[in-house]
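Quick one: structure below, then a few questions.
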Amino acid sequence: MELQVQLLMNTLQIGSVYVLFALGLTLIFGVMKIVNFAHGTFFTAAALVVTSVMMWSVDTIGMPIWFSYLIAFVMALLVVCVIGFVVYFFGFKYVLKDLNGSFILSIGLLLLLNGTYLILYGGVPRSIPAVIPGNITILGASLTIQRLVLMIVAAIITLGLYILVHRTKLGLSLRAVAEDQEAAMLQGIPYRRVALYGFLIGATLAACAGALMATVTPVTTVIGDDFLVKAFIIIIIGGLGSVLGAILGGLLIALIESFGGYYFDPSTATLAMFVLVVILLIVRPQGILGHAEK
Amino acid sequence: MLKSNPGLALCILIAIGAICFALFSGDPYYVQVVIWVFANAALAVTLRFVLLIGELNIATAAFFGIGAYTTAVASTILGWPFFISLLAAPVIAGVISSLFGWITLRTKGPYFLLISFAFTEIVRLIYTKTEALGGNSGMIGMFPPMELDAYFPAIAISILAAILFGLYAAERSNLGRVFKAIKNNEDIPRSVGLNVIGLKILCLVIASTAVGLVGGVHAYTNSVIAPADFTYFVAVLALAYVKIGGEGHIVGPIIGATILTLAGQFLHSFGPYENIFYGAIIIGALLLVPGGIVGLGVRFKAGTLMGRAGR
Amino acid sequence: MSMKKIIGITGGALLALFSAQTAIADETLKVGISAPMSGAAAAWGLGFEYAAEQAVAKINAEGGIKAGGKTYMLELHAYDNKYNAAEGAKTAQTMLNRENINFIVGSIGTAPVKATQALSERKGALLFNTGWGKSIKGPKYPLTFTQMNTPFEILAPFYGYIKEQHPDAKTVAMITPNDATGQELEPVAIDTWGNLDVEVISKDKYERGTTEFQSIATKIATSNADIVDFGASPPTDVGSMLKALDVLGWNGIKVVPAGTSAGTLSKMAGAAAEGTYLGASADFTGESASEIQRELNAGAMEKLGEALNGITISSYDAVMALKKAIETADSIEPKKIAETLPTIIFESSYGPAAFGGAEVYGNPQQILVPVMITQLRDGKAVEVGRIAPAELKKRLK
Amino acid sequence: MNDTQTDTLSGYNKSSEGKILLKAESLERKFGGLTAVADFSFELHEGEILGLIGPNGAGKSTTFNLISGFIPPTSGTLSFLDQNITSKSATYISRMGLIRTFQHESLLSEMSVADNIIIATTHRLKTAAARQEKMREMAKLTGLEDYLKVTASSLPHGLQRMLSIAIALAAEPKVLCLDEPLTGLQGSEVKAALDLFEMIRSELGITILLVEHNMRAVMRICDRILVLNHGRLLAAGTPEEVSQNDLVIEAYLGHKK
């Protein structure tokens, strides 16, 4: 019994970050109709900024860890926003709705940015000191307080995004554009501006995930790549462009990883995820919650 | 036919030249580079072949790997003769691709892209978990027979060139026209009695058979293969060749593959800078030269023609 | 590699061109490296290149290598094999057929090493490597030499020592990455534990690049194994797993045969890593480290931000072995050098070392250097046992 | 059994004597909760021009998609040339000789006029020469012979409409289903098109099912007319009968009685 609780807790721990990451990816797809293979670089950039800033502020200046993490978090979001802005204006702007063009652009960015990170940061993994030390036991499942906080923050951000998409004017525009871009434009929604907002929100979500993840895992310059592959699986399962789908898909993948990894073998669990995707696409090509495309 | 198509005649001359170079040059490195150029061109051309029906097929990488593994198994485990091992590659790749296409080509656009990506990863994971295939260490020992060893580069180049010309012929035939029609608006061919799904599968099978053969040649060229050689990145590079050379004509990917392969050779000791260079060249080509080099050529030609007409 | 370096190489090449024309007495001898310089394993390649650079610089500063009445200056060319076979084959072609390099003083990654070997043996070039597979050596590959200890050298003394310290330990859980190294290490490890009467109760594999180890940790914690053997897992991954295990309350014996970097491990896992036994980490700062190892390590820390380890330092040893063998053979003919290598004793970073291992591999192709067992204590690697191979002891007598 | 029901509608079946080519019985199609077509039965007789009219959203295009196999019906049956074609694929149905055109995106816009027509000959004709000949014949018939190398999207609008008919004809139909072929045509073009339809029927012997908004044209050319409203058959009969039907007038002109 305790074991099941532990495995469920593991699912939530893993899933919370997957959801954040996949939400950004699915939002960008929905609004811009592009498959962004460079999404992982936003995640990586945020994690790298967090470790770099904290190394400087904690080790050199001696700031309190929690304060320096807050600064690092904000810096990470800012840096990613700047990167997002630059790649949008000098790149994605020109390939909106062009599936093949945007795909290759994102691949180019992936190579360029990952190479740059490696030169700036080096190949050595780094980790930051515990922001909130200590462990906690919930219903017999143990986890670090840090992970618990991470889950809560991720849940709040997810909820915030859900409200943004479903309750605000910007959210309405985002959904309208995702649904039918031409109809949205006819109703006077400025498509390009909405696309930019969608892209920046997506990038920021990845940055949040990266900055949170830096507290619990060693950071390398390719850390985002593992998440990217999983996130693709998640958004296929959830349906491209579906917010709720990304949330459910993220939790489902985390569930498979947690339980499959326990009862079978982690690399078998990975294989199982891919097989699941292929089966799902055969049965229901538009994903669990995706709209059928005509 | 050749008289009316000087470009084709030139290409045939280049291919013959490359084969002669492989036969008579004493420099193994540059012969090897020529093989890489042809192999990469073939990869890019097969990727573009599926682009004719409008689908970006990441599984090009998977079928390349399936071809290579088939040849490796046939030659090292089953001990089949050289040419039969080589020919097994396209056969198996073709058979598997027909199943893959039958299942997946009901989807299109981003869905097909992502499913082909997932398939590529699945196939690669299966290699890593199969001990008979050497797991992650891969397979070694695919050598051409001793008596053919000296001629192998020429044989490899001939096969790869044949693939290029074969796909060119397929594209020029009515079949190629039908594929383009499907990409343009698949409702029209469907409304006049064409089996669109069947034709899409056919397109994928032709491309996969071809790329399977490229995989077989790759196995013999490298003598060693491993799962990490067949990640989705193979298709990504092929797409880079297509985009830089230009998608509009079959020589586009060939030119793209030639330029980038040669450039890559000189970047080989650049470490992380190599990725930055590739990234920059891909982005630059996409944004600054949207039609690729071929597109530039066409625009230049159109410009000069207009200039003449203006006079 | 820095921009400076590239300019340096280009400049060097130009210089070489001019000097060839002006016919200066010194000749250059090109040596190559094939290692991952980008991607997840970049840290290994960069450290590897650094260690070899230092050896080359040292030899050149001391007047180069003398053989056949000529003096040779070394020139290092490092290539990124991206840790896969296809790139390994390409770097091999570039090194062997384009640059005409006859001496590869270091290669990392089982698949790319095999791809390199397919060509280097045919071309008659000398190949030093860090491959952990048994299949890479043998009479079929007379020009291939392994430059560091592999599981066949490490595991028996390493596990033996642990069993000695913890005679009550009866069960072990194995976890290793699903890559070539992991797949080749696992069966040897299982055998070795079996010989010590320790039962392997679970064996798991994970994909490289995994960042979440919760489920693996849960599995290990609930299996109640006395020992966890992390196999070929790199220190970063081990650190994450140890942290997760600590949270779950597991506290058994922690064993990392491929544990290369104690520093990384303790930085990642903090107190959770205390007491971990490492098989491939050397305490290059401690008392037992040689002068040269301390120097190399300090330099690497400064330049790369990472300490050297059993893998990365081995390129230094390979260059030193090559120098000695060339001078002894008095020739730069790879075949002659390959025949000479098993007969010489050379000055490695560990001290005097040699090549042997004919009993295991059928051919003396394995470097003989001490297996150093370290344990993480107070966040530092402390050498708890240094077991010199019996064969080396005999040779040194 | 539905025949009795439809027969009660005035005029039905009376003006045609040809044999029945296409027959729909109680066709129904739902999209989610929305019913696009319900309980729709009709027959198409050899040699006639049958009009299908109705206000926007009446279900005309859905009907076309159903009979051409582009979407399967939720219920009901379809038969063509005495064969049950319910839920058969579009490819199968078009190969039997029921060819439809499209209201929007009715061309291969990026390809040449010649290629557009040749594509349609691909299934029936196996040699390049035969295809070329057929293509030229169809181009001539539709007045496109001077535009063969032009990209379809750069044709003037009227010729684009002609091209979509040429494509359908090149596939050698027995029944030709035209989806609003006159939309956007000028007066003289409309006349030419109607003459072409007449010629297709009388000289090529092809039966036509016509969906059209242009009432005058429909009244002029059709032998019989079916009127759809809200997915249901509202009226059927000769042009005169239909134009005097109160229900039809109400549906088209609002609640004015």
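We just call them A, B, C and D in the order they show up, numbering each chain from 1.
Simple rule for what comes next: a contact is a pair of C-beta atoms (placed from the backbone, for glycine too) under 8 Å apart; a residue touches a chain by one contact, two chains touch by 3 or more.
The structure presented is a predicted model; accordingly, all values stated were derived computationally and were not measured.
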Shared touch partners for chain B + chain D come out as none
How many links in the shortest chain of touching chains run from chain C to chain D? 2
Closest chain to the protein CA centroid? B
Just how far, in Å, is the C-alpha centre of chain C from the one of chain A? 36
Measure off the straight-line distance from the CA centroid of chain A to the CA centroid of chain D, and report it in whole Å. 50
Express in whole angstrom the distance between the two chain centres, defined as the mean CA positions of chain A and chain B. 33
Interface hub residues of chain B, defined as touching at least two other chains: 125, 128-129, 272-275
So which stretches of chain D touch two or more other chains? none
Give the residues of chain C touching no fewer than two other chains, as numbers and ranges. 38, 42, 45, 178, 207
Kindly provide every pair of chains that touch. A-B, A-C, B-C, B-D
What residues on chain A touch chain B, complex-wise? 29, 33, 35, 90-91, 94-95, 99-101, 103-105, 107-116, 118-119, 229, 232-233, 236, 240, 267-268, 270-271, 274-275, 277-278, 281-282, 285-286, 293
Complex interface listing, chain B residues touching chain A: 51, 56, 103-104, 106-107, 109-111, 113-115, 117-119, 121-122, 125-126, 128-129, 236, 239-240, 243, 272-276, 278-283, 286-287
Please give the residue numbers of chain C that touch chain A in the complex, ascending. 38-46, 178, 204-207, 209-212, 214-216, 218-219, 222, 236, 239-240, 243, 247-249, 264, 267-268, 270, 304-306
Quick one: which bits of chain A touch chain C in the complex? Just the residue numbers, please. 3, 6-7, 10, 13-14, 114-115, 118, 122-127, 130, 135, 142-144, 213, 217-218, 220-223, 225-227, 257-262, 265-267, 269-270
In the complex, chain B touches chain C at residues 27-29, 32-33, 36, 125, 128-129, 135-138, 140, 218, 221-226, 228-229, 265, 268-275
